[in-house]
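See the structures that follow.
Common to both upcoming complexes is chain A, partnered first by chain B, then by chain C.
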Partner chain A sequence: MIQQLVNGLALGGLYVTFAIGMALIYSVLRVLHIAHGAMILVGAYCSLLLLPFFGDNLVITIIIGMLVAGFVGTLVGMGVYVRLLKSKSSTKYDTILLASVAILIASQEALMILFGVRHKQYPTPINSLTINIFGISLFVIQIACALVSFVSMFVLWVFLTKTDEGRALRALDQDPQLASLSGVNPLKTYIITLFTGSMLGGLSGGLLSLYYNDVHPEIAFVPVNIALAVIIVGGLGSIPGTIIAGLILGILETTALAYIPLTFPRTLVSFIVLIVILLLRPRGIMGRP
Partner chain B sequence: MTGVEAWIGFDGYNGAMLAVEEINMVGGINGRPIQLINYDDGGSPEGAVTVSRKLIFEDGVVAGILNQGSELALASGKIFDGENIPALVPWAGHEDIVKGGWCFRVGLTARAPGKAMGYYAYTVLGAKKLACVVTVDPYEESYAEAMKEVFTKLGGQVVYDKLVEFGEKEYTAMLTEIKASGADVILGPHDFSMSIPFTSQARGLEVMTPIMFGSSSCVPEYLDGVKDVGELGGGVFVLSYMVFEDPLTSQYAEKYEARYGKAAGPTASYTSYDCIKMLAQIIEQAGDDPAKIREGIMALKDFKGVGGTIAKYEQGECLKPIPIYSIKENKFVLAQLVTELEYISPF
Partner chain C sequence: MIPVNYITSILTFFSIFCIFAFGQNIMLGYAGLPMLGYMGLVAVGAYTTAILSTAYNLPFIVTLPLSCLMTMLIAFAVGWLFMRGKLAGAYLVVGSIGFNFIVVAILLFAPWFGRMFGIGPIPAPEILGYRFSSSVDFSILGLFFVAIVAYIDRQLSRSALGLGLKALREDGIAAESSGVNTVRLKVLAFILGSFQAGIGGCLYAYYIKSVFPTYFEFVHSVEVFTMVILGGMGTTLGPIVGALVPTLVPEALRGNVPMEARFLIYSIIIIIVVLFEPTGILGVNSRVRRLLSRLARLKL
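And now, the complex of A and B:
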């Protein structure tokens, strides 16, 4: 039972790493960033394919993957989202959502053409490495995910509360018009948000591909679905809500898989929770009313 | 050649093309060069039906080679059966594909390897409690059923049985339950993209029970993916369609790598190559009348292919020995060639 709880928490930690960047971008741009999956892919492909150029140093390739994802995400965000946000169309958010889905599909197809359809593995896999504490096995990658979530949350908290840019970002999140009148430069804030959120997406892609030892254009499909469920259940735009929801969904999925003797896709559990939350508390666990 | 399992389609196409090139290099069939007509089914049964109709009604083919996936081959096979055009099934394993009378399997039906694995698990590994984590897929469910049937008939017991969606990579919850169930052998999901995390998570959670996988894990990618797992605890046993130690098979693997610059996939390329060679041999002797080609396939004896020697055909199914490989020092090593008729016959 304790091992299953740990399994669930670890899975939840992985979910938080997928979702935290998406939540951050939503909190400022109010855009459901489905193309976050493309940043997960950029992170995964960079982490693996750049290894031969950096002496098989995973830390370096993961960091490069984060930075490349940050740049790509910023380009996509500024070139598509921010441009469309300026439109006066009443359907601009629908258009943005469709554009975001299209970017993800296009990036998957592009990677398939560029790097082939076969699944790729890391030359030196580390996905079975575990630490045993009092008979409970913890995967090193899962611990890394939990640490990443914690550090990301801490850095974000410092950034949002202790820096001028962070305060501007919060101001823009809470009241865009008032923030603009107070001299907050929305474009600069958008760039910082997109870069940070996309970097976190790239990082989660590197960790995800390492944990399952699989790099393929379709590895982002489940994480994006899960990230959507997590940020909605947690409360759109709420970073603490995202973390709580990720952990809850991880535990619920693990428990359901272990103890319900039926066949169902693991992610179904998260979407049932999502529907229940939408019916009972539409703003999610920690979303603003 | 698109969709989730597109790489298998490409692999099969490459194998078939290699055979076509070889045959054309020596003058084709009775002096006529072969043209390989290939269409993409888009990974959907609807697409499979469309391209099968196109092959028969527009291109006027006298024989066909069906799609790689079971669902797709089931859809295409009905079209070929309905039009009395013989078709070979290179890789798809669902038993219903060959029940219409005009389709013949060159690979293995799901049941035969399942029976061989059940036999191997009980009699050779000495296991008495089986845990199954199987993908929702007609082929995999079918061979898992056959494995469970043989295992329980021999005296074993199924202590854990779970179906998972294709692409599932998170097994920690299931493996924790399997560990508690006392299982002494596990049947895991067969696709290597799933069997890699399954193996890693099992060993990470200290589930050291022998694990068995289907033929899609008998690939270099699987070995690459589990390099860090050492000697894989109680052992990993992987089914294969062909005996790699057979000179015909190993020469083919070398030819494939030289031609395409990469290793051949698990089975589809080998059996697709055999499909072309077999059809060429039969058409050379019997001519290109579809009914004569069908008779030629049914009468075939001891066809030596790169995907194994087909002793004969029975009700559309070929009978051939089934190899099971273990992994030693990150290499596939032949553990046993199951030849007992009872356990290699799908019936």
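And now, the complex of A and C:
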């Protein structure tokens, strides 16, 4: 039972790290950032392929993956979303959604052509290492994932509440017009948001590929779907809601996979919860009315 | 020499997807409801046809209206549940993705729908004693229904109902304060847009002869969504142009570029079109449409 809880917390932590990036970007740009999945791919491929150049030091390659993902995400956001947001058309959000999906598919296919369709694995798999704590054997990677994601959530909280840039971001989320009147530069805040959010996406990509010991162009598909469910269940734009929803969905998914003797796609649990929440509380757990 | 069967099979797929795009156009283009799970509704129509024609041996004349009816019933239920919670924008997008996933999961796990083995073989449709069995027959049948659906779309866009839907899309609050019952109108848009899913799903089932859950996955809903946005939301010609893109682009690339690069090129085309024509190729304010209207004024 405790084993399942730890599994769930580790997986939920990864979902949260990924989904928070999406939620941040939604709260400032009002864009459903499906191309955030590309950041998982960037993070995963960087942390695996750069390993030989940095003496097999995973920490360095994951950090590089985060930074590269940050740059890629900022480029995509500023080049595509901000450009399309300027349009006056009432249907621009649907257009942006389509562009976002197309970017995710394009990056998947580009990686497939560049690095092949074979599933790549880390030279020294660390996802099978276990340690014993109070008689329960736990996977090191799970503890690492849970720790890193909680630390990154804490850092994000400090950033959002204690720095000027973070406050500007929240101001732009609450009232864009008033924020720009009080001297918040929207473009600068967009860049900061996109960079922070995409860095979290890259981090979760690196960790996720370690967690499953699998690097493949299609690893982003399931997390994107689950993250969509997470941010809606949590309430769009609400960071605490996203954290709670991510952890709950992670725990529910691992318990369901462990105790229900049927083979079903892992996204199904999240989508059932999603539909139930949408019917009971259409604005999500902590969404604004 | 290009074989006739090749052209007619492309034409059939084009016409079926065109019918889907017209349905999506009513929801997304006219009413501005971003329904990203259209294949969930198509699955209802296709499976209704499959079950009625294999287990009960019912003819085409009966299965077509019944699958339309069934799809509209499900769309009414889903639309009512979604609109009761006043889902809009991103909530509706993700909610409809969830709907699509759950429909596919029900088809996969419920015992009545043949699970992953699907339902088939579906007999060829018969109208007045004529069997539509070849792809030539199907392409004619498909284009006939495209014409009907396009006519309905044209009439709708000129009617008071169509104008009400567009008002809803442009400014929901303004529409509501000028006496439009927005919830009822949105549910109505859901039902009107699902009628095409019923027709298209029925034709699709007859044409591919067996239905499998994988045909109705979320990825294909994205395809239908793409057609409407690329072609031009809220216009009658838009869905037709939009449905031409995914049927013609892969065929044009076939043999010229390696297999693996096709999706890459296709998605890059989408990004470029969207960046330069945010309202779609034939959108309300697109360069192509302005050029066409200028040419029309010249009376060439």
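Here is the rule we go by: the second predicted complex is superposed on the first by the 289 of 289 C-alpha atoms of A that agree within 3 Å, B and C clash if a C-alpha of one lies under 4 Å from a C-alpha of the other, contacts with A are read in each partner's own complex, and residues count from 1 in each chain.
In this text, a residue touches a chain if its C-beta (ideal position, glycine included) is under 8 Å from a C-beta of that chain, and two chains touch if they have at least 3 such contacts.
Note that the structure is a prediction, hence the values are computed from the model and not measured.
After superposition on chain A, the partners chain B and chain C are seen to fit next to each other with no clash.
In the superposition on chain A, A:Ile105 contacts chain C only, with no contact to chain B. When the shared chain is aligned, no partner comes close enough to touch A:Ser180: not chain B, not chain C.
By the document's definition of touching, of the two partners only chain C reaches A:Tyr93; chain B does not.
With the two structures brought together on chain A, the opening angle seen from the C-alpha centre of chain A toward chain B and chain C is 70°, to the nearest 10. Legend: residue contacts after superposition of the two complexes on their common chain; A:Val80 is shown touching chain C, with no touch to chain B.
By the touch criterion stated above, A:Pro265 is placed in contact with chain B and with chain C alike. Of the two partner chains placed around the shared chain by superposition, chain C is the only one that A:Ile113 touches, whereas chain B remains out of contact.
Once chain A of one complex is fitted onto chain A of the other, the partner contacts of A:Ile232 are limited to chain C, with no touch recorded for chain B.
In the composite built from the two structures, the nearest CA pair linking chain B and chain C is 6 Å apart.
When the two complexes are superposed on chain A, the residues of chain A that touch both chain B and chain C are 112, 265. The touching residues of chain C, when paired with chain A in their complex, are 28-29, 32, 34, 36, 81-82, 85-87, 89-91, 93-95, 97-99, 101-102, 105, 108-109, 169-171, 218, 222, 225-226, 229-230, 233-234, 260-261, 263-264, 267-268, 270-271, 274-275, 278-279, 283-285. Those residues of chain B that touch chain A in the shared complex are 4, 6-7, 10, 136, 162-165, 167-170, 172-174, 176-177, 192-193, 196-197, 199-201, 203-206, 221, 224-229.
Those residues of chain A that touch chain C in the shared complex are 26, 32, 80, 83-84, 87, 89-95, 97-99, 101-103, 105-106, 109-110, 112-113, 225, 228-229, 231-232, 236, 262, 264-265, 267-268, 271-272, 274-275, 278-279, 282-283.
Looking at the complex, you find that chain A touches chain B at residues 3-4, 7-8, 10-11, 112, 116-121, 123-130, 132, 137, 139, 211-214, 216, 218, 221-222, 253-255, 257-258, 263, 265-266.
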